[in-house]
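Both complexes shown next keep chain A, but they swap its partner, so chain B is in the first and chain C is in the second.
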Partner chain A sequence: MINYHKPKKIGISILRRWTLIFLLGEILFFGLVGTNYISLNNLQDILVASTTVLLLATGETFVIITGGIDLSVGFMVGFSSVICAKVMVNLETAGFSQVAAISIGVLAALLLGLIPGFINGFLVAKLRVPSFIATFGMYGIAYGFAEIICNNIPVHNLPSSLGTLGHGYLFYWLPGKIFSFLNKPGNLTRDELKHLIVIIPNVVVITFIFIAIFAFILAKTKFGQHTYAIGGNINAAERAGVNVKTHLIKVYMISSFFASLAGVMYVLQYITGRAPAGSARLLDAITAVVIGGASLYGGKGTIIGTVIGALIISVLEIGLVNLSIPTYNLYIAVACILIFAVLIDQFSPELIQKEEEI
Partner chain B sequence: MEPLLEVKNITKKFGGLTAVDNVSMQIFPGEVIGILGDNGAGKSTLIKVISGVYHAEAGQIFYEGRRIKISNPTEALKIGIETIYQDLALAENMNVYSNIFLGREKLKKFLGLVDVLDHDYMHSESKKVLNRLDINIPSLKNKISTLSGGERQAVAISRSIYWNAKLLIMDEPTAALGVAEQKKVLNLVKTLSSQGVSIFIISHQIHDVFSVATRLLIMRRGKKVAERITKKTSADEVVGLIVGSILGEYN
Partner chain C sequence: MKKFIITLLLICLGLSFIAMAGVAKQLKFAFMPGIADPFYFTMEKGAKAKAAELGVELIVGEYPKAWGPEYQVPILKALVARGDIDLLFTAPTSVEALIPVLKEISDSGIPVITVDTYIGDGDYTKPSNYNFPLAFIGTDNFLGGEVVAGQLALLLGGKGKVFLENTNPDVSSVMGRELGFRAGLKIFPDMELVGVEYCLDIQETAVAQVGAALQKNPDLAGVFGVNVFSAQGAYQAVVSAGLGGAVKIATWDATETLIEALKRKELNLILAQMPAEIGSLAVEWGFKHLTEGAEIPKKVIPGFFVFTQENVNDPEAQQYIYK
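== the complex of A and B ==
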């Protein structure tokens, strides 16, 4: 018997994974035409460059699956970076140890960052304000507050040991001599420093730990299941006994948590806090989620898809830099990919149907 | 035998309009009752009093012999009264077994630490209930959006049966279905009835109601005008009762 369905099945599985294939194609392309594009350092640079988009997009995925959108995350990054930096500076001046100042600063930014998310969720779920409006309002409020907190100037003079963490790596390897975990080996000669191989930046490690946790929550738990149900049919979810309002508030808090985390990562990377930090990344984040297969109508999307979507953007961005092509071309390219992604989704719904565990 | 549900002298008013006027009826375990009437006859209002959506101004409801008060749909669900809504209340983006278990997911421990969804359990339990009801769906991992109207209906019904519904209220279950599908749903009604589930069926398709219901309740202008054993009446008589050209015993 000839299986006539086989070619079709292969076609479907290619179409289902087009983003992954596209991403690998991108890397291959820049690897061939760029200089040193496929090298450990450059690939790590891509990951570092993508942390903000990755984090924002992960939180945004939850919101978009419920059928909403969170625009506030753009300025939430700046809001949280300013709080984080300001607390660190003030505590250090007040005589706290650097470790204490840094930990409290990070904690304060992450905790205060939950408040805008709670307000967004409350407005959307309880007062039925459209998410676009509620979070757009919060977008402005977060920016305004950030500027007030930092008096319109970037926060400087942060604890000096911040860079050790923010610019550090998980492993340091001097072939044949040293292999060290987290600690950069001291007393190296200039020549040894040149050959020191650094593996996986700390900020990337932290980013992916949180992404993995929330990918697990979305894919494997009751919470994730209810998130999909709300996006699919909010009335069905309500009738089935899901506490839709509380759930939505939690979802918006997840989104603002990730935005705050992105703010903290910004402080670690750039050793400063700025009100407009990360605001340009808002649309990139939403784009990443949509490229990753989520629908703005809700009910669809995965974290792994979103991660691939975010990487497609930053691989392209670093690739254009590598080829010395002006970055404004990036906007054109990303926009085309975005529209392409939505078209694929629109015109092949029945092809892409398959058995799924949600 | 004791009736599963009995309502006595139910009256429901909306302002000056009496939507349901002093209606009494009983349904026994495994019985299928067709509620017939023209638009505005009060069928849906009566049914919504039973499912907890509306509160009657007067009258009593007895369930399994005990007098009860149903103050909201969740309470009705808890005691086993389930309404199959026309929009079916399914999440189309989710698969069959996830819908059957929606809101009541079965969990298991992952690495002894966190609760995760137990897909295997939900899948096999759903399979069991579908088999019990003779429902054939190719894969329970298919999303609802890929199913036909009749299959969706079947999933919604299976869900209520799995969660121990004893009384199903079906409002226009065959509307918007193809002929073959209508037949499947009606067969499902018969299967349910043979397994002891009581069903109220509201439909404009007199034919459908005749094929499954053992008793018919005819309403007109909020009043119950007649009650007939299906075998001892005809479509002509029932239509006459509905439009008022024949007077029923309660007129």
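== the complex of A and C ==
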């Protein structure tokens, strides 16, 4: 009896972890077929390339779990990148030190970035505007304001030390000679630079610190439980004493906070602020959340799933470049994975139920 | 089982041959274009032809679907991470954002040549944090802008209001065209530049901006669209305002689309760069540098060709069309 059902049980547990297995399979495939795909540099580049999607998707996970959607995040990245860059430039020309200009710029972008989130939440929770419409409106407003603030021109002449931070690494290692933390060793010869091993990009560290904090909040705290409760059944949550309206506003603010953070990271990486920054990543972010197992009907989803979903996309993206395959194939591949993810989401409850019956 | 082991051995043998063939390796150059458009396709063709001639393997990075560092940098990094590249030539999509990225690549031992666009102010001879590329190979956009201003003035009889439809304010090439155009117009006291807009490579935006300029200046006599998107947008705006033919349109880059438009008399003037030449020069100089240690000039500038409605069908002009 047990032996007969064992393969089925294995099948179901594979199905439950299919995204992780798929991700590892992807890496293995590109590792075998590609050139130097599994190398420290390339794997780090994949993580750097996916920071925007990872951040947007983390915030989006909260919103999607409540049964809503946040479309504003696409242009929120550009909005906050422009604010961040503009504040830095103005403060530096006003005579502030670079450190002060950078920190105030970052803080300003993160704080102002909360406002659109608050408005989104207010519209959705208090005025009952469908989240699709409220955030789609904010999508346009954020873009328009960003273009106005930067006068339709990417922001220039940012503090020079930004690049050191955005393109820096946690560790620099010259085998046998130098091991340095955060500071890139100076005075290296050309040959030494060639052999310098850089480990863990700063932007990836910052990204994952925030993702970890909010993964903890979602999984282990009352706030997280309430988020799931609202998505599962909003009326039941209300009857159970959850302050649904305030909670929803907070959720939308989390989402716009992550979008602003992505904008700040954009400034760190590209040393400029542009209004259209990040807009191309909106759908990737939503795709990542859905591949990661969240349901657009609400009540389901995890940050870890979302992270895996985002990585599946960027591993594929970089892999196709490595193999010199036109990126247009990426759209097809990602679309197929997305639909596959939703199908699994539809049918797995039945399978898991059957497993429990056994 | 025996068969299996034999097959396995044969595969190993085959692989080691491939690996050995790899040791006696040919040079591998990488080309990272700025955006998917005919200008860079033509550059790739020129580079490929030269690479085949010199026995260099050319790997071309994925063409970014839009203009901007956030599209180009991930592809560029993935391209370089292959780790088997001897030289990179690329069109940086931002004068500032690409400095640290290309610096890292250059530091890792891969010489960098920038083509068409440059980093910083493009002067790699003076001390700066962006003087590490071997060379900039590309058009003198300032000079080209001046040429366009002169030719447009010629078409308009030396007087009238003109409008400039540009694309991206942080891209060295198109800003050079703008500055050159402004400088060129100064020579003609009766020519007036009434406005400059940036369409960010979106044709619809160009239509709207030129349309608005026409509303504001009904007597507008000429428009300079700095690339394919801005020129075609300008043409659509002029036509929908019912001014087709009355407003002269000058543009840049002899793509087949624009040449066709010139033949249909929708445009009046096209300044052609020589992208195939640029690609070919990048490969040639890179090859000379790596094999003979040749010192490359820090700036290599190919010339122009001016297409008009009169000469567009001439046999000797055909070679300058981007194909």
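Assume the second predicted complex is superposed on the first by the 346 of 358 C-alpha atoms of A that agree within 3 Å, B and C clash if a C-alpha of one lies under 4 Å from a C-alpha of the other, contacts with A are read in each partner's own complex, and residues count from 1 in each chain.
We adopt the following convention: a contact is a pair of C-beta atoms (placed from the backbone, for glycine too) under 8 Å apart; a residue touches a chain by one contact, two chains touch by 3 or more.
Note that the structure is a prediction, hence the values are computed from the model and not measured.
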Chain B versus chain C as contact partner of A:Tyr270, first or second or both or neither
second
Under the stated touch criterion, which partner chain does A:Ala236 make contact with: chain B (first), chain C (second), both, or neither?
first
Counting touched residues of chain A, say whether chain B or chain C comes out ahead.
C
Between chain B (first) and chain C (second), which does A:Ile313 come into contact with in this model arrangement: first, second, both, or neither?
neither
Is A:Thr35 contacted by the first partner chain B, the second partner chain C, both or neither?
second
Once the structures are superposed on A, label A:Gln225 by its partner contacts, choosing first (chain B), second (chain C), both or neither.
first
If we overlay the two complexes on their shared chain A, which of chain B and chain C does A:Lys300 touch? Say first, second, both or neither.
first
In the complex, chain A touches chain C at residues 34-37, 39, 41-42, 45-46, 48-49, 52, 152-154, 156, 158, 160, 163, 166-167, 190, 193-194, 196, 266, 269-272, 274, 276-278, 280, 314, 317-318, 320-322, 324, 326-327
What residues of chain B sit close enough to touch chain A in their complex?
73-74, 85, 87-95, 98-99, 102-105, 107, 110, 114-117, 119, 139, 141-143, 145-146
Which residues, counting only chain A, touch chain B once they are in their complex?
220-222, 225-226, 228-229, 231-233, 235-237, 239-242, 299-300, 350, 353, 355-358
In the complex, go through chain C and note every residue touching chain A.
59-62, 65-66, 68-71, 73-75, 77-79, 81-84, 94, 96-97, 99-101, 104, 107-109, 129, 168-170, 198, 200
